[in-house]
Amino acid sequence: MSIQAGIVGAAGFAGIEAARFVIGHPEFELVAATSNELAGKRLADLYPGFEGVTDLAFSSHDDAPLKQCDVVFLAVPHTAAIAQAPALVEAGVAVIDLSADFRLKDPAVYEQWYQVKHTATDLLAEAAFGLPELFRADLEALAAKRAAGKGVLVGCAGCYPTATSLAAAPFIRAGLAGAGPIVADAVSGVSGAGKKATERTHFCFANENVEAYGVANHRHTPEIEQILGIEGRLVFTPHLAPLDRGLLSTVTIPMGEAPITQGQLDELYADFYKDAPLVSVLTGGKQPKTSSVAGTCRAHVAAVLNEHANVIVATGAIDNVGKGAAGQAVQCANIVFGLPETAGLDLIAIPA
Amino acid sequence: MSIQAGIVGAAGFAGIEAARFVIGHPEFELVAATSNELAGKRLADLYPGFEGVTDLAFSSHDDAPLKQCDVVFLAVPHTAAIAQAPALVEAGVAVIDLSADFRLKDPAVYEQWYQVKHTATDLLAEAAFGLPELFRADLEALAAKRAAGKGVLVGCAGCYPTATSLAAAPFIRAGLAGAGPIVADAVSGVSGAGKKATERTHFCFANENVEAYGVANHRHTPEIEQILGIEGRLVFTPHLAPLDRGLLSTVTIPMGEAPITQGQLDELYADFYKDAPLVSVLTGGKQPKTSSVAGTCRAHVAAVLNEHANVIVATGAIDNVGKGAAGQAVQCANIVFGLPETAGLDLIAIPA
Amino acid sequence: MSIQAGIVGAAGFAGIEAARFVIGHPEFELVAATSNELAGKRLADLYPGFEGVTDLAFSSHDDAPLKQCDVVFLAVPHTAAIAQAPALVEAGVAVIDLSADFRLKDPAVYEQWYQVKHTATDLLAEAAFGLPELFRADLEALAAKRAAGKGVLVGCAGCYPTATSLAAAPFIRAGLAGAGPIVADAVSGVSGAGKKATERTHFCFANENVEAYGVANHRHTPEIEQILGIEGRLVFTPHLAPLDRGLLSTVTIPMGEAPITQGQLDELYADFYKDAPLVSVLTGGKQPKTSSVAGTCRAHVAAVLNEHANVIVATGAIDNVGKGAAGQAVQCANIVFGLPETAGLDLIAIPA
Amino acid sequence: MSIQAGIVGAAGFAGIEAARFVIGHPEFELVAATSNELAGKRLADLYPGFEGVTDLAFSSHDDAPLKQCDVVFLAVPHTAAIAQAPALVEAGVAVIDLSADFRLKDPAVYEQWYQVKHTATDLLAEAAFGLPELFRADLEALAAKRAAGKGVLVGCAGCYPTATSLAAAPFIRAGLAGAGPIVADAVSGVSGAGKKATERTHFCFANENVEAYGVANHRHTPEIEQILGIEGRLVFTPHLAPLDRGLLSTVTIPMGEAPITQGQLDELYADFYKDAPLVSVLTGGKQPKTSSVAGTCRAHVAAVLNEHANVIVATGAIDNVGKGAAGQAVQCANIVFGLPETAGLDLIAIPA
């Protein structure tokens, strides 16, 4: 019997991508996709790629049978998840939150960066952090809880934190990093700016342009620092480039005292991800390309020793909406439901 | 037990896309992917999207166990299929040819447009034309033959002929077209120009540019005329636009004597494609978008009555490498092997 | 002494492009650029390419000293020009209207296609049609009037009409076209959809997509028919492709009785444009590329004989905002002021 | 009387862009454009944007009257400039070299990074470094020499060094930087990879992709270190993004002991560039966009204080082929010939 899935905020880019993954999933069945604004319209009316695939229509949030779902994906703005998650968890649903509401473990940090009080701190304490390659045990612990019939909550990692942390974690967790700033310069496709039509997302302004934004104050900064345990040391600068999908994070990390060779670095990374079916480590001078993971939940990482300046340069490529949001949410749900981690996520990027 | 599949010319865009579809197919197993130039390299070395998916390496044409395959996809230039298909068919293989060699039923027409003699005219006479929505019976006839243990051959339709014919066929086959030229102006993404690095495919020349090419002499002209039975009446002008994947054909057809309403036109199209799971008819002012079918084997079509000039304007969108080549090849193979037509082809385009 | 120029609606794509051309013009001086919405902001605040170039700020329409200008460019929506032009012409200003208000000579046709009554029909009768290569004499007549101190009005051609007519006019004006529909399939960059942020102009919807729009009912249809004298015969289908700037129109015209060779066709076109410094005729199989004219007021055209279907295929490439709007407006102004036609318009497209 | 200009290697992207700037220059006259491969073809045959602009044809290097030119731009690969510059300087020509041959002041560093011996070290010692905003005095010294009838040589800065150094120099030259690595992550458009058709420059591989390259070993590393005086401290990682033109460098620099406010930082930058007409400093949260400088010789820079990690993040946007190559070469030539620095360089980027 299939696992009944609902998506809240299904009209946005992360929500509709979740719909794509859920529809293609061997065990999940999409039973509700909410959008207050578009209630009554078919998914295919807004996203014609669903023509011939499904006639499901968006429902309003209040009309959707969310509490009857086995799993609900919240693809909503921050604060909306705080408002909606508690009742769903209470009702026994496995809630996979794609927003920022349940990522930062310290409510004070949340309040500092998001300028709003966190009103579901109990649930925050229970939530697992949704980045399976780095916090698998926490997700597996939820699986046990859910198997016992309890509602559970996953706060999925953001897109920049996912790419940045996957690139940097093997080196940093091995204790090899030296002191000083860690610099993550990341480039995202325009889908990262969301579905809302704005000057920023207008084709003629976004096309043929690269620019930095959120310099020195992007909200993913504390999330990355929390994941990597590098509080106060991260310089995170996101950039926008003219592509639909894709996110590359280039992380420069000072070397510590222990010398390391490129071969040892490659080995360290290969070993770190040996049980991660969705992460590939590139070596021999190959660099991650965002096009190789677009439309998928895969990640490519590489780490290069830069002896000239005594740092390593670690790079990570993901699809910001795939592994960076909806794909990762499905991956987390798979673990919570005891399914193979890659169920419904074996898509291959379009070759060229 | 899975159906063993080989791909000849697997390094090109159509070949590697066939590999993607075959790997994701529930019944096919990819056992050989040939490229003389790249023999020994892994698919993932050239197309890193295959990292973590398969470690299969390209083999040289001569080394590949093609005759032991159940199905072989020929993703080769014209004349190469004439050279290779006969022996494979003779060996009992189901050969799905993506080249132009077995499309034109009249060898004289082939020789006129391709400037080379056709040396496998017996096989040409036996080949089915691979455009299932318009020539399904021919493909089903091959299924019977193959079930009896015989080798068979499908000559798949080209990309422009597929989009153009799917758009125009319902109207023309209904006998509604009047006299005079039928104009197909089509726009293709750059993948249609192939994998070879040339000035035409250089990013800086292709990007931010639209241009016509092959004006008045493109080889898909006789193929479209054959499919639609409009010999000597087609004006076909292909264009290149700056996108990876996608092909839109806009076909202007003179109205005949019989009057028709927009509603009747919509009904005609809906009825024509009611048993075609991969074709969606758009109505109510909606127009096909190439982005809605990119990466898939789907097609979207619409037909609009233009009373001002007494014509209909029919449009068809496909992915030139998907429904226009590799996807259609797999669709044909599915029919030949008695599988559901959509097996392995249920991918949904990336929503945005 | 410089010619004082004002731009109404300067914040939109055509308006700001007019500002770029006027600032770079050897004889014009930009003294007013209006935008009610952005009044007080510098041009450079919205379009940072003007940083270091000008500190001019947008003014509100009412505050701008438009009647003191020698020339005013109206880059406004239709109906707004009808509202604003009369008083300016009355005040002795040379008004160059980029909107659709003064293009269609028959007010009934305007009212049919724009669904609004034309309330300045006297001025409409006096207005010259702004497409210098095809209606030069009318513009030169205005020059005499203006030299006599009178206000004058030019209604500039639209973008699609410009490219389509430049491609088709030599053949049609020579009386060589046969009977039957004339098909213009045109492809425009996204700037043609305007500066407003909408779903259509969102990068993630426009990118990697080609689609037709306005099928059978686009308002440029009667304008093209008027220019070419082909009333009731034009099938015009515009398309959107993922580029910022550029418009290619492919026009298929039935051959008449008189036979013609490709050589004669080339000669006809070369002769037709021999005194048009901004139009280049391509021959020998070369096709117009939009990239070759982007950012300029130039046009490239070619005409190819298609004996197979007894038609000619004429193509024309322009920058939709350049020769298709702001550049053409400046070109018209040059003629009206007795300046060299190319003054300020000698820009060369970025090579690649 | 005009200044006679020649371009060696005029068919490549930097060379043809130099042709565009020279043709639009009020004082220069383009008398020779060499390309051994394309000798005899018109510039407009290869780059149709020159149709209607010039009928000049490429000449072979040996046939071009280069020694009779007043100024010769060398847009050639490294080592070719070493071979050609000496005889031209000897002949009294002002040579503006766009290659890497005369950038690195220490021949040993050149030999280490380019793996070839420098055979014109005397000339290297005399050459001025072509980055006017940072080394204006050296260029002005050449002006005196040239006025005295002597040949002179400028080795123009590379594209990445230009953007990176313009962003970082005000802070570093003010002595405000602290110890530790300085990280420059830069993103370039595909034109930076040159005109050669390769897999890297193929539209279908470059489009919808971002990737790093030359990690830890890019040859611009020592050039940036030399300009900024930060030998051994630079971590330079270039990236490729899917746009034609544009280069953004994001430079993270550790703060030193001296505290600084954002206001002081803005003031420092404004003051540093107060006499640089082609550099604009953005403040108030505005960030440089590559689209704002595309097709021009302008640069936009900004510097942001990041107190969280005690660094500054300085960003610089240029057109890699404009200010990063051909435009800068013309700017240097202007200074050498005593012309206004911006002569021929007052182009404004296409607004959108």
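Structure notes:
The letters A, B, C and D name the chains in turn, as written, and every chain counts its residues from 1.
Keep in mind that, in the parts below, a residue touches a chain if its C-beta (ideal position, glycine included) is under 8 Å from a C-beta of that chain, and two chains touch if they have at least 3 such contacts.
On a predicted model such as this, the values are computed, not experimentally measured, just so you know.
Path length between chain B and chain D in the touching-chain graph (shortest route): 1. When the C-beta pairs in contact are tallied for A-B and for A-D, the bigger tally goes to A-D.
Chain centre most remote from that of chain B: D (centre = mean of CA atoms).
Chain A and chain B have centres, each the mean of its CA atoms, that are 36 Å apart. If each chain is reduced to the centroid of its CA atoms, chain A and chain D end up 39 Å from each other. For chain D, residues that reach two or more other chains under the stated contact definition are 13, 191, 195, 202, 204, 207-208, 242-245, 288-289, 291, 294, 352.
Contacts from chain A toward chain D in the complex involve residues 180-181, 183, 185, 187, 189, 202, 204-205, 207-213, 215-216, 221, 232-235, 237, 239, 241-246, 248, 250, 252, 254, 287-291, 294, 304-311, 313, 315, 317, 352.
Of all residues in chain C, only 13, 190-191, 195, 197-199, 201-204, 206-208, 242-244 touch chain A in the complex they form. Looking at the complex, you find that chain C touches chain D at residues 13, 16-17, 19-20, 23-24, 47-53, 191, 195, 208, 244-245, 277-280, 282, 286, 288-289, 291-296, 298, 300, 346-352.
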